[in-house]
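Each of the next two complexes has chain A plus one other chain: chain B in the first, chain C in the second.
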Partner chain A sequence: MRQIINLLEHDFRNFFRYKWWLAGLISMNLADLFIMAIVYNRMLTPEITQQIKSYFNFFAPGLTVTGLFASAFMIGREVNMERRREIHQYMLSLPMSRWELAIGRVLSGGLRGMVYMSPLLATCFILVGFPSPAQFSIILLVLFFLAMGISGLSIAIAVSTSSLDKFITARGLVYYLLFFCSSVFYPFSLIQQLGQEGRFPMALVTFARINPLSNASDIIRSFLLGNPPFSLDMVVSVLVFSALFTFSAAFAYIKLIERA
Partner chain B sequence: MPPIIRMENLTKKFGNFIAVDHLNLEVEEGEILGLLGPNGAGKTTTILMIATVIRPTEGTAYVGGYDVRKNPDKVRELLGVAFQEPKMLWVSTPWDIVNWHAKVCGLPTEERKRRVKEIMEALDMWNFRHRSVHALSGGMRKRVEIAKVLIQRPKIAIVDEPTSQIDIVGKHKIWRMLRELCNQGTTIILATNELYEADVLSDRVAIMHRGKLLVCDTPKKLKDSIVGGDVVEIQFETDPSPKMVEALNQFKEVVKIMKTKSSTLRLYLNKVEEIVPKIMGMLMKEGASVSSIHMSEPSLDDVFAHYTGLTLEEAQKEGG
Partner chain C sequence: MRKVFLVVERDVRLFFQYKAMVIMRAIWFVSQIAFFGLIASRMVVIADYFRYYVGGLATMTLYSAAVFIGFDIYEEAEHGVFEYLLSLPVTRRELVLGRSIGGGLRAFIYVGALICISLYVIGVANPLNFILALFSLFLFAFGVSGMSITLAVAIKSSDRFDILMGVLDALMVRLSTAMYPLNIVKEANPFYGWIANFNPLTYASDLFRWGAGVEAVLTFENPLLPLLGIVLFFAFFTFVGIVLYDKRIEGGGWQ
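Presenting the complex of A and B:
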C-alpha cells in the first residue's frame, strides 16, 4: 500500500506540472459547453427538443464524462513515453511488486481524471441542479470506476504500442468509437431511432447502449434531469467495463512491459 | 562466505540475437566487480536481468540467495540501480527525482532529507535541484542518476557507466564516493567500457565480449597472466616493412606483434630491459626511422586484446 501511495504522489506531481495547461483545458471545456449549447439549441429538431428540453442541460453531464475520459487517458501517454524513453526500466527496478506498480499506475490515472473532472461536475451541479447525497455518492462512485476503466484502457494501449504515433492513432480510434457510439452528445433514443430506420448499424446501437460513457452520462442525467430513468444496469455496465480494463491493463502492464 | 550474486548459465536472446550467452559468474559480498567490455558486449543486458527488469531466456541468477526468476520482489529489495542513460522525465527536477527514489526505497523522513542534501551537495547539484531536468547538461543528469544509488545505500548497487559524460573532476569525486559506499558494506557491480575506471575502482574485473565472459580476476592478476606482459610501442615515421616485422619476430623474447595504427607496432614481450637495446640496434641497422618508443606494463586493454585479438576501441567500433 505504501508503494501505491508513492506512485500516486509520483503521478500527481507530474500531472500538476501542467497545471496551467490543465486550467486552460478546463476553461476550453467549459467554453465548449456554452458555445455548443447555444448553437445546438437552435439546430435541434422539435422532436429532439421535446425530449431533452435544453441542450445545455443535456450536454453538461456528457461534457463532465468527456473531461473525465480525456484526463484519465493522459496516464497512457505518460506510460507510453516512459516506455519509449526506457524510463519503465527504472520503474521495474524499484522495490515494489509488479501488481503494486500496475495497480498504482491505473489508480493514479483514474484519480487524476476525477480531479480534472471536479470543476466540470461542479459546474454541472450549479447550472443544472444538485443531486441528493445518495445520488451524489452513486455519481461519484460510478465516475471513479469509469475513470479507473479509462485509465486501464489507456495503459493497456500504451504498453501495446511501440511509438507515440501508434498510441495517438489507437487513442483516436478509441475516442471515435466510444464517443460517436454513445449518448454523450445526443440522446440514446435518437441513436435507437436511427437504428430502427436502418440509418445506423444495429450493432453500434447495441454498443451505444452498453457503452460506459453513455451509462455514466445517463446516470448523471437521470439524477439531475429525471430522464432517462435510472436503472441498475447502467451502474453494472460501468462496473464491468472498469473491472475488465483495470485488470487487463494491470496484466498487460506486467506482461508486456518486461518484454520491452 | 557464499557469493552475494551467482549467475548460472544466464542467457538472454532477442529473437536470433544472443545478447548474453550462458554467463557463469559470481560476485563476492563487499567487493566492486567491474564488468568491462565494449558496447554490445552484454553488460547492460546482464545488469537488467539481475535487476529483474527483463527475464532471462535461459539460466538464472541468485541475488542474496533469491532467484531472479522465482523471487524478483525479494531481489529488488536488495538492489539499487544507476542506469547508463538517466531514466527520468525531463519535466521533473533533480530534487523530486532523488527524494522520491529515497522515499520508495523506504528511507525515514529525517534521514532521507539529510542524505538527499548531503549527496546533492557532494555532487555539486544542490544549486540546480529545482531546475527541470531538460535544462541540465548530460553530465548533470548523469549525476542525478548516480545520486539515487548513493542516497539509497543498497546492499547491492549496480552502476552502469557511472561517469560517462562527466568531467574529470566529477569522475574522481564519483569514484571516491563509490569506494566509500563499498566501504560502508555495499557490493557494487560496475559496468564500464572505460579501462582506467575499471582498473582503479574494481577489486575484480570480468571481461565480456559478444555476450560471453572471457575472464574474471583481479586487475593485477589479469595483467600478470599475459605471456609477454611487457609492452613496447614503436612508432615509425613510415609504415614498417613486412621484412622488419619479420626481423622483430625473430627475437625469442618477443611473444606477439600487433599493428595498432598504420605506422605503429605494439610488441608484447618478456625481459623488456634486455631486449629493447637489441631491438633498437637492429632497427638502426635496418635503417628504420623511429619517431618514438614507449614502454609500459600491460593494461586491461592488453588483457582484452589478449583474449579477443582486438583492442577495446576496435571492439567498440565492431559493436556499434
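Presenting the complex of A and C:
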C-alpha cells in the first residue's frame, strides 16, 4: 500500500508540473461554458428548449465530464513518454510488485482527473443547482470510476503504441469518438432521431447510448435538472467500462512494459 | 528573393513531418462535420446551419494550422537549431519573411484538402467570389502565422506561449462567427458581439461562406469590409513580426 502511495505522490508531482497546460485547459473549458453555451442558448429550436430548458444548464454537467476525461487521459502521455525514453526499466526496478505498479498508475491517473474536475463540478453545482447528499455521493462515485476507466484506457493505448505520433493519433480517434458520439454536447434524443431516419448508423446510436461519457453526464443532469430520468443502467454502464479498462490496462501495462 | 523561397520551402517540408498533428487535425475536422455539425444542426433554429457550420470549421482549422509555426520556433530554440539558422547566408528580414509566408502557406496547403471536403458538402455558387474568398483566406493564414511568430519571439517562454495560444484559440474561435451568426452573439451578450465584430476569424469565416454561397446569415453586406479587415490584420502582424523577430532573435533567453 505504501508503495502505491509513493507512486501517487510521484504522479501528482508530475501532474502539477503541467500547471500552464492545466490553466490553458481550464480557460478553454470556461470559455466553452461562458461563451459557447450562452450563445447556443439563444439558438435552440422550440422542441429542444422544451426538452432541456436551457443549453447552459444542459452543457455544464457535460463540460465537467469532458474536463475529467481530458485530465485523466494525461497519464497515458507520461506512460508513453516513459516507454519511449526507456524510463520504464527504472520503474520496473523499483521495490514494488508489478501489480502495485500497474494499479498505482491507473489510480493516480484517475485521482488526477478527479482533482482537475473538482472546480468544474463545483462551478456546475453553483450555477445549475446542488444535489442531495446521497445524490452527491453517487455523482462522486460514478465520476471516480469513470476517471479510473479513462486512465486505464489511456494507459492501454500508451503501452500499445511505440511512438508519440501513433499515441497522439490513437488518442485523437478515441477523444473525438467518445466526445462527439455522446450526449455531452446535445441530447441523446437527437442522435436517436438521426438513427431512426437512417442518417446515422445504428451502431453509432448504440455506442452513444452505452458511451460512459453520455451516462456520466446524464447522471449529473438527472440529479440537477430532473431530465433525463435517473436509471440504474447508467451507473452500471460506467462501472462496466471502468472495470473493463482498469483491469485490462493493468494487465496490458504489466505484460507490455516487460516486453518493451 | 530566392533565399526567402528556400526558407519557405524548409518550413513547408517541416510541417509535413508532424504526421500525428496532421492526422489528428484531419480526424478532428471530419468528426466535427460527421457528428457535431450534423447533430447540432438539428438542435438550432438557424436555417441551413450544417452548411454554415462546415464553412466556419474550415477557417477554424486554417487558424489552428497557421498558429503551429510558433511551436516550431520553440522546438528550434530547444534543440539549438536557432543558432544554425542565424549562421545561414540569409538576412534576418529574409528569414522572418520566409517563415511568415512558409507558416501561412503550409497551413493553406494542408487546409486545402479539408476545404475541398467542405466544398463537397456546401458547394460553390459563384467561382469569382470563391477565388476572392480564397485569396482572403491566404492573407488570413499569413497574418495568423505572423501573429504566432510575433508572440513566440516576444514571450520567449514555451510554457507561457503554450497557455497564451490555448486561451487565444479558445477566445478567438468562440468570440467569432465561426460557429454562430453575429446577430445571435450580440443578442446573447452585446460585449461578445462587439469583440466578434473586430475578430479576423469572423471576417475569414464570413468571406469563405460568401465565396461558397452560404449567404443565409452573413455578418457584412459588403464583402470588401471584411477583406479590408483581413488585409490590415495581415499587414500589421507581418510588419510587427519582422521588426520584433529582427530585434529579439539574437541573445538567447529562450525558456
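We take it that the second predicted complex is superposed on the first by the 259 of 260 C-alpha atoms of A that agree within 3 Å, B and C clash if a C-alpha of one lies under 4 Å from a C-alpha of the other, contacts with A are read in each partner's own complex, and residues count from 1 in each chain.
Basically, a contact is a pair of C-beta atoms (placed from the backbone, for glycine too) under 8 Å apart; a residue touches a chain by one contact, two chains touch by 3 or more.
Keep in mind the model is a prediction, meaning the values are calculated, not measured.
Of the two partner chains placed by superposition, only chain C is touched by A:28; chain B is not. In the superposition on chain A, A:142 contacts neither chain B nor chain C. By the touch criterion stated above, A:111 is placed in contact with neither chain B nor chain C. Set against each other, chain B and chain C differ in how many residues of chain A they touch, and the higher count belongs to C.
Contacts of A:166 after superposition on the shared chain: chain C is touched, whereas chain B is not.
Touch criterion met: A:191 reaches chain C, while chain B stays clear of it.
Touch criterion met: A:6 reaches chain B, while chain C stays clear of it. On chain A, the surface touched by chain B in one complex and the surface touched by chain C in the other have no residue in common.
Against chain A, in their complex, chain B makes its touches with residues 48, 51-55, 72-73, 76-77, 79, 81, 83, 85, 87-89, 91-92, 96, 100-101, 103-106.
Interface of chain A with chain B (complex): residues 3, 6, 9-10, 13-14, 17, 78, 81-82, 85-87, 89-90, 92-98, 258-259.
Interface residues of chain A facing chain C in the complex, by the touch rule stated above, are 20-21, 23-25, 27-28, 31-32, 35-36, 38-45, 48, 164-169, 171-173, 176-177, 180-181, 185-187, 190-191, 193-194, 199-200. Touching chain A in their complex are the following residues of chain C: 19-21, 23-24, 27-28, 31-32, 34-36, 38-40, 42-46, 159-160, 162-163, 166-167, 169-171, 174-175, 179-180, 184-185, 187-189, 192.
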